[in-house]
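First subunit A sits with subunit B, and in the next complex the same chain sits with subunit C.
Let's look at the complex of A and B:
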């Protein structure tokens, strides 16, 4: 028993070290175009992670995530450009602002049961997109906001693609680690209780409305962080980025990766982001590929790639005789 | 035992509780008093309103009339999750576990509630192991998924979870239905633990041997009416009960 525990720890260390090395080597080995693709992919990953918290952990589906992402981005742009605050402050205000907004919205929306919440978020997404397009004072209207200053802390300015890469990578890693704590916390468990059986959750002292609103607020905070990073990365915001289609894309990514763990979000985001680049010649058929791919996946392996991997792991790799503790 | 210190104080009191569903009376002026450390049986034919009564106590249904008190606090209008935090734990006829989580998470859901209620668990590990042993689950791997457990084991796990909430009242909805005799013994052991902890146990059950064997008092429901309340011996000789169960009148003395 102890031996196996040790070996698992060792493989974990090796895997983490390999990933770390890979992440460090990527900037020197790829073109700045590809690095930009990766940066966008990491930001997208945060949004997909927000879907993971809401859908994967709490069982609630939202189509408004791209809108929340937009809120985070526009807050950062305004706080930096109009109020002249530092980058870090803008980032924090974005996260907290978006979280508060989603919490209030969630508190109103989660009075609706089952899929009616999802319907309501479709409306929210439409309204947000309209707001981004028409609220000239805050979003620049159809022209958008340009020349957003780069991310800077003290003397460090993230003005190259590589430095942006490391800023985003650090944020993404920090957020992913804190999600691990959430997963093993009483709050995380209460999300999962609501997902699996709401009545049983209530009978275990869990307030549905409050808990779901908190889950929505946490997913909002993730989108807010992604939005802030996006504003610093691109320097230009347009309402055309924050669309309903983008929200759907997040859902496709998490469906592809699987909702059972955040790793599903990583896999789904990476595959779709890189696929878009690698199969440029097939651009016109992309929608068809997604559509058909998702349908086939849902029939063959509803838990996504990660779910499929888990099945194979349980069947062939996992050590046998684990149903009894002492062998 | 605290129950002997103030013997006349009910943990849960129902006063004239009524509920009807579109004219069908599911609970008609139910009056119950449950005491700590007592096993109170609730029996009756199918459709008598037993599960409805549990749903009324947990607040899943709102009562039409009447009042409920938990340790002198009026809980008639209190929502389900707050009642749970005040000390009402229950199991379901068909186990409602968190199917996509592992066994450990399911167990921790119970102790999470105890922590929320600021009841000093402290000895969680010890408590958990003791309960798992009583339930015959000491050999399961806690990181396994729920689907690896048999139906009976799932029911047992649900009771363990409810007990880890450290409740004042434990409501058991047909815990022994569908179990074999060995598993029945585990259920009895778990109920005995609850009694030791001075929890008031409300037991719905069709297995008459079990009910008559372990209950201190019981009440019989039929079409939402409470037709008799008393000790097992009193109930067994009650004419109206026999009528309800066997249908129509018959001479039992011969």
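Let's look at the complex of A and C:
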């Protein structure tokens, strides 16, 4: 067991290092349009990561992530524009505000199990989208909020695409690293215990209602961070960004990458975000191909790309001695 | 005014009931929530439109033909999106159903275009009852939907095929041991589910225009109906559908049209808080 964790962690480190090097080189090599695509992809990655915490670690499926993302974005916009606080404060308020909101909601919703919880989150998503569309004072209604000021700390203003890229990249890396701590912490382990068998976890003395609510709150915090970054990046918020379809997209991304590790979230997000850009000429048939692709992928490899890679690794690359029967 | 709302709400409720019933049939049969059910409604509507407006076939026959074709679509859906994944985790099946719903949605857009279309009504004109004017189409929807529901009930409870389908739903392995071809039985269930949902689309289209994104909202309302009525219960799905339709009609008239869907989901969350198993649901003991 320990061996397996170690080997996965090693590959993670290598992959993360390679991606990091690549990330440093990217801004000088690509157009600002491509950078914008990457920036959006990184923000999407944070949301997909929130699905990973909830689904991959804790085994609960939520369709409200895009709504939570929206909450974070609108909190930032309001705090910066109406209260005039600094960017950092707005970011922190967004994260904490969204986390608190999801914690309270989670405490109510996790009285429902499995399917019921998922449906309640579909409801939450619908309610949030309705609120974003109609609550004129806070969200600007159908017109949305425009002219949100850029991210600034002291004298530094993130007003170019490259500087925004580095701000987002730094946040994403920080969050990913802290998630690694979560993965190996007692809290993270209790998430996984609940995922594997909730009744057994209860017998071990885990308060499953509280723990699941905390998992939901952490995923809410991630979405809140993503929302704040999105508000600073785009400068314009519209209810059309925060839809149920967006939430299903996150689920598809994490399933494509694989739910066993955050790396799956990276792979899934990158593939789908970049695919959407590369196949623009095929725009008319793009969605069709994409839907069929998802079905084929699920049939061929239900564990996602990472799951498939792991199977190959276990079978061919890993030393025979440690390859005991693998579930 | 109130009578008018009552009739339109009830008829919409019956349509949601049809979708919800389709979902419940699939859920009882294979234990999976079908996330593409709303797309069946949209696709059925479009096939009916194709027969009615492009081939100029009378609407009654178009409805029957479209429901037959939807049966085939349902069987294909089962064979491609569900059957290869029957032993995988349920989240993989949910994602593949989502993929299938994208395929149906985009397929409809590519075949029939994205401009909203309409077609003939089953029954034209309006009836005057004191001050209220009621479209005959609403009445026709109620009659046809109720007839279909009765038909499904008879099919499931009184016929041999229905018993085969119920036996498979209870225990697939046991059913295969006594010689029931499980794949055929599940395929029939999916086909039946797609058929009744598809007819719903054909009935709805003359009132609200058809477009390729209508599946999602109707699907979301049908979810609400199922959860309100009680998960896995067929009468619950119908009652839940009626509640959703009436809340939508009266809430839209007296509170706000923009918050219709929000209102439905607030009712849903309230029902879940008070009675988590829904109105007709049984409290199921969780298995270790």
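Here is the rule we use: the second predicted complex is superposed on the first by the 304 of 327 C-alpha atoms of A that agree within 3 Å, B and C clash if a C-alpha of one lies under 4 Å from a C-alpha of the other, contacts with A are read in each partner's own complex, and residues count from 1 in each chain.
One rule holds for everything that comes next: a residue touches a chain if its C-beta (ideal position, glycine included) is under 8 Å from a C-beta of that chain, and two chains touch if they have at least 3 such contacts.
Keep in mind that this is a model prediction, so the values were computed, not measured.
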Look at A:159 in the shared chain and tell me whether it touches subunit B only, subunit C only, both, or neither; answer first, second, both or neither. neither
Between subunit B and subunit C, whom does A:192 touch in the aligned arrangement: first, second, both, or neither? first
Once the shared chain is lined up, is A:260 touching subunit B (first), subunit C (second), both, or neither of them? first
Regarding the shared-chain residue A:204, is it in contact with subunit B (first), subunit C (second), both, or neither? first
Residue contacts with subunit A in the superposition, subunit B compared against subunit C: C
Applying the document's definition of touch, where does A:11 land relative to subunit B and subunit C: first, second, both, or neither? neither
Which subunit A residues lie in the overlap of the subunit B contact set and the subunit C contact set? 197, 199-200
Quick one: in the complex, what on subunit A touches subunit B? 186, 189-190, 192-193, 195-197, 199-208, 260, 322-326
For subunit B, which residues count as touching subunit A in their complex? 58, 60, 79-82, 84-85, 88-90, 92, 96-101, 105, 108-110, 112-113, 115-117, 138-141, 144, 148, 161, 165
Enumerate the contact residues on subunit A facing subunit C in the complex. 55, 61, 108, 111-113, 115-116, 119-120, 122-124, 126-127, 130-131, 133-134, 197-200, 244-245, 248, 251-252, 255, 259, 284-285, 287-288, 290-295, 298-299, 302-303
Across the complex, what residues on subunit C touch subunit A? 33, 80-81, 84-85, 88-89, 91-96, 98-103, 105-107, 110, 216, 220, 223-224, 227, 231, 258-259, 261-262, 265-266, 268-269, 272-273, 276, 286, 288
